[in-house]
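Labels run A, B, C and D following the written order; every chain starts at residue 1.
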């Protein structure tokens, strides 16, 4: 029996991939559930559980399930299951809601096929269904998918390559998967989430280690096989260790961003937002965060470098070390009155502690009054939902990270819409942006999409909907006994072999 | 004895009630929102509101409290908001590592610390005494995690004698369990040994000045007998007391030790739950640890009557 | 006789000091004074701004410019350790003062008034039963991590210990004939408390205070370690170590120096506490803890 | 050859240039002889005996000269192991406080058997038989049960018998008894003294008996050694010492011992009642949810009257309820039933607030002079506290304190000093001054002289008498010492188990007791046949 023991970036607690956008929940769901369609490494949507056909007018999508699909409890996968799964997902996911808004019908058309009909063309439809981030669209048996969207599903029964071992699940500690012997891989070579998901081990165990030092020690001591995130500063320890290797598996990496609160001074004033942006330097932030320049990339493109929509309009100051003088001047011009910037600093998330510290220093240098308030990440996520005045329980600025696929498409990027109270935390009201997003959504050709994306890039930089602070990469490390590990935005365990 | 026992158990009820009210209010009156934790980064305010309502977090506080109390009386500790598992299952899963480590630590500490304290008291003001005292002050002065790191570096990495982390149940793999339990127990024991050695010494010093020790010597007994038969048992009550109150220290140490050695125990479960605002789990766990503390100290009080026949309940 | 006169004439001669106080507490006092001086004069003594980040100088080994090297933000470790003394001592002292003052007040009342005692002791038992570090983490993570919440969080679990100590002293002292004499002389209860009972608590409280202080500094470090401490922008020994812990194998000095400062400080406080106990009341060992 | 021959023994404090606490003393005891070592507190009696046993506290005291010969063998030259071997086999010791001298967590039978284990090779059965034999000899009832008891389950007298059994089981040549009866009631004391005498005669043991009680000396001694501040003052046959002491110190010591013959009654000066206690009841304990604390009926229907300027004594054995009555009168505790009138005013049921005006009319002097003054206040502060509570301006109170200190015979200029700078007798004077500062009508003295040496005791008693004559104060005097009661009280109430069994003028009660209990108390008083102050037997 072969078992891969892996330490992932955090502990799994929430199981339902429709309830939360937490990455670990999604990673878990990709093991257990399968998707209708999937993205390959060229950002192209490929069939996975179902092949699809789009009508000429772009209004009708027909999905045909491939043969041999079975739930882990033995049941057949039916169109009804898929329809229920899609409907539940549409209630929660941004992309799903856009589809729902244009949906005419979603109905079974046979024993193994069903059809989605739209009222107007929506070229983003397949991409939304294939995207591996935000809320990915997973197929579940109907009885699970009929759970209300804000209540967790009671069981983990999917049709994916691995089965969830309920008895051994310890929330936050350990998840165990068994190979799904009944799984019939799709055709074609494995590429990201598309192609054959060929499981070559009997079991996979994810264990959580709260201390980076401990997990590295464990890897070096041969107690685990795979470590998803190695702090870059610690890579020198791995160098020259026989039997171990490390590599960045998600070549697109992450972006780190700062988000301001548009409702309260001083950041309700675009000039002051602009001044803050001018003060910040991607290189400073990334150096503090990562250290080794091989593992970060100063990059002005809000949709990420090396992605289809890579533009860098308006990002000069960010990528060239910041422009404190200009920031000072602009702040002066805007008549900044010293209103403190309440900057929320998470103390318990390693990848988010450095940004506020570096930013605080830069903002102070530019003339801002900064009130940095440390708190644990959960307090931060609670507090950022508060629209109150920063002086009593609200906030002005916080930082967070995304994996690049979460921001690389304008429609997936949740920070963009400027719909006031309905917008993401920070609540910008930005009709210009909304217009640009509509343009993008209805653009049929890639060229049109690119044009719209470029304008969105410029608008973000001008209006400072958020501050894009560059890209960084996380090396993973594993033992030589594992082979077949492939690149993907997050680790996948199909195709991986373990010797001995 | 039974009456006393009953009285003590009854007396524990208001204590537990205080704990319950305190924890409940602490959790509800301060910021933090399990719904936000649950929904993740990309959730919109509207989705948060829905989740909050479905978790019953929008009900008035007293309603929530009474509901919790009612459930408790029926033996229902609730369900984790985050992982949606019954709290009792979570606790049952995570209990054993903590219990094992704690038991080993206490045993180890007592075995090491009591003789240390006895020798120090006996050789009062000699170099052995100074050594023991220095060690025990040091035990109080170095943070647990630093001790943990040092032990890992020495025994696991440099000498390669023991694994650096993890836990396996003793029923599955006894040698594996033992190998993984040694370092955490040693780490935890560092404070505990210091505490017990110190108290043993102090209380023995007191006892050695008592008349009956002089009587024992006047009888011509050997020094070893005077020390162990006459003095130690009389010194035992304060030592037991410190073992009991030190239990609280142990729980604190467990939290850190479980992090350093990656032991899936109750300490980490509590910390994780606090960070995740998983109210039912936090409430149950703090109530549980407090209850254990109360019980341990009750057991220790009862043990006094075995140590000292004058104490009768 | 001559010897006595000499002693009286030079009460502070070194020899007398050593023989009267003993070497360990004397050294401890010295170390503590040094640390306090460093803390008070941090702006003058520290070679760099403790929070100024210089990303280019990240994780540098010790050099003439950075005597102990730099941390992962390129901040000067030495300066951070010196400034760290400030906050760590502030937390230690603040917690001690708060715990002692509050505990003393509650303990006096509880020891003397039977009715209040029943209620107060139940509450104290409750507080005592809650594991202190867990309680502190809960308070800090729920209320936000500022120095003040950290201090409050560490203080609350210490209070019951002080209360119990004070109460036990009051309970035994109030049986003292001189207290009964005062009562029979018509002294009012508050005055009996203040004048006859409270002074009895000073010696044991002094000793207890040293332990509270030491454990507060230590608890702060543990809270930082668990991610519920003061912001890393404000250096404390605890959070310097906590922040550096992933560099434990790569740059152990990042943990070593603040750890050394912390341990020396706590060691000194503990030693002084032991000394105070021997001096103030040789039989206190029984009451402690 | 003497069993014990201490020659020129000097013991000093174990430090460089440490002062000597015992200087150049010599004691010798013949087989079968009882030698008493007497002297005031701190004179070095215990130190001498501990030196003999080799039990001087390590690091505190050490022998600096002389020799201690036990059957000709010098104890000071033995190795620790050899010394251990001599203990219990050749010399044994019993201590004053039988509660603390026995290990509270080991059964007494085992504690005795331990001696056999350490020094003999007897089998368990043999050893058990030996233990039972000695228990029987020391006159314990139901010996099997006693052997299985823990010390706290036995009475004080029984515990002391256990100590004696332990000391004598290996028939040592020498028994040292350091104040073995001081903590016991007179009746028990008498039994123990008789027991020691019996056993001594049976085994021919030499006894070194340490005491400060001249009555005991008269009772048992063959010869007497008198110590004063570390020096041996005088030695001689008991009758010679008692009847014709040569040294001043010895004379003073003897003349301080109060006589058991009641002093002549004083005329009644005033008919005014200072205190009237009627049908007073006090029950301790009981009540409490689920608590099964046993109740103690500590005072049963106690009725007493005390006129101004008179002294009423309450006597009785330990636990008879004397203090309980005193504390009820003082309203330090609440009586369960009955009345207490002070100067005609009922105070038994007043609230603390209502009581306030009456507090100053009653004052108390406590037994332990070391604990009845707040160590942190100067004695002046202690004295003026009361008057200032009742509104006296500070300056006036200070002046009054000075006056009072003078009255009780304290040196001028002592007002600003602290209690620890005074001796026990002086402290008791200060406590009296403090009580008088309130100008009370009634002074309650609970064992006010019991902790003092006889010579100091005599001074304090004189002081009280003198003050009473001057101020016409009424005194409620509680004591267990019949000699003291005979000398100071006008009336005496004898209490037994919470009840007053006999009550009347001192001369009547102590001179011609009617109740059996009073008779047995008097019969048990050691040295009752000897009139110490007059160096002659009591005239029949």
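Observations
As a working rule, contacts are C-beta pairs under 8 Å (C-beta built on N, C-alpha and C of every residue); 3 or more make two chains touch, one makes a residue touch a chain.
Predicted, not measured: the structure shown is a model, and the values here were computed from it.
Among the remaining chains, those touching subunit A and also subunit C are B. Two chain pairs, B-D and C-D, are weighed by contacting C-beta pairs, with B-D ahead. Taking the mean of each chain's C-alpha atoms as its centre, the chain lying closest to the overall protein C-alpha centroid is B. Averaging C-alpha coordinates per chain places the centre of subunit C 47 Å away from that of subunit D. The distance from the centre of subunit B to the centre of subunit C, with each centre set as the mean of the Cα atoms, comes to 22 Å.
Taking each chain's centre as the average of its CA atoms, subunit A and subunit B sit 40 Å apart.
Under the contact definition stated at the top, the residues of subunit B that touch 2 or more other chains are 31-32, 149, 157, 259, 275. Counting only residues that touch two or more partner chains, subunit A has 211, 213, 348, 376, 378-379. Going by the touch rule set out above, the chain pairs that meet are A-B, A-C, B-C, B-D, C-D. Every residue of subunit B that touches subunit C in the complex is listed here, in rising order: 14-19, 22-23, 26-27, 30-32, 133, 137-138, 140-146, 149, 153, 157, 195, 199, 202-203, 205-206, 238, 241-242, 245-246, 248, 251-252, 255-256, 259, 267, 270-271, 274-275, 282, 285-286, 289-291, 293-294. Looking at the complex, you find that subunit D touches subunit C at residues 330, 332, 352, 356, 359-360, 362-364, 366-368, 371-374, 376-377, 382, 385-386, 389-390, 431, 434, 438. Those residues of subunit C that touch subunit B in the shared complex are 122-123, 125-135, 137-139, 141-144, 214-215, 218-219, 221-222, 225-227, 238, 241, 245, 248-249, 255, 259, 262-263, 266-267, 270-271, 274, 283, 285-286, 288-289. Residue ranges on subunit C touching subunit D, taken from their complex, read 176-178, 180-189, 195-196, 199. Contact residues of subunit D toward subunit B in the complex are 53, 55, 59, 84-89, 92-93, 95, 97, 100-106, 114-115, 118-119, 150, 152, 163, 166, 289-292.
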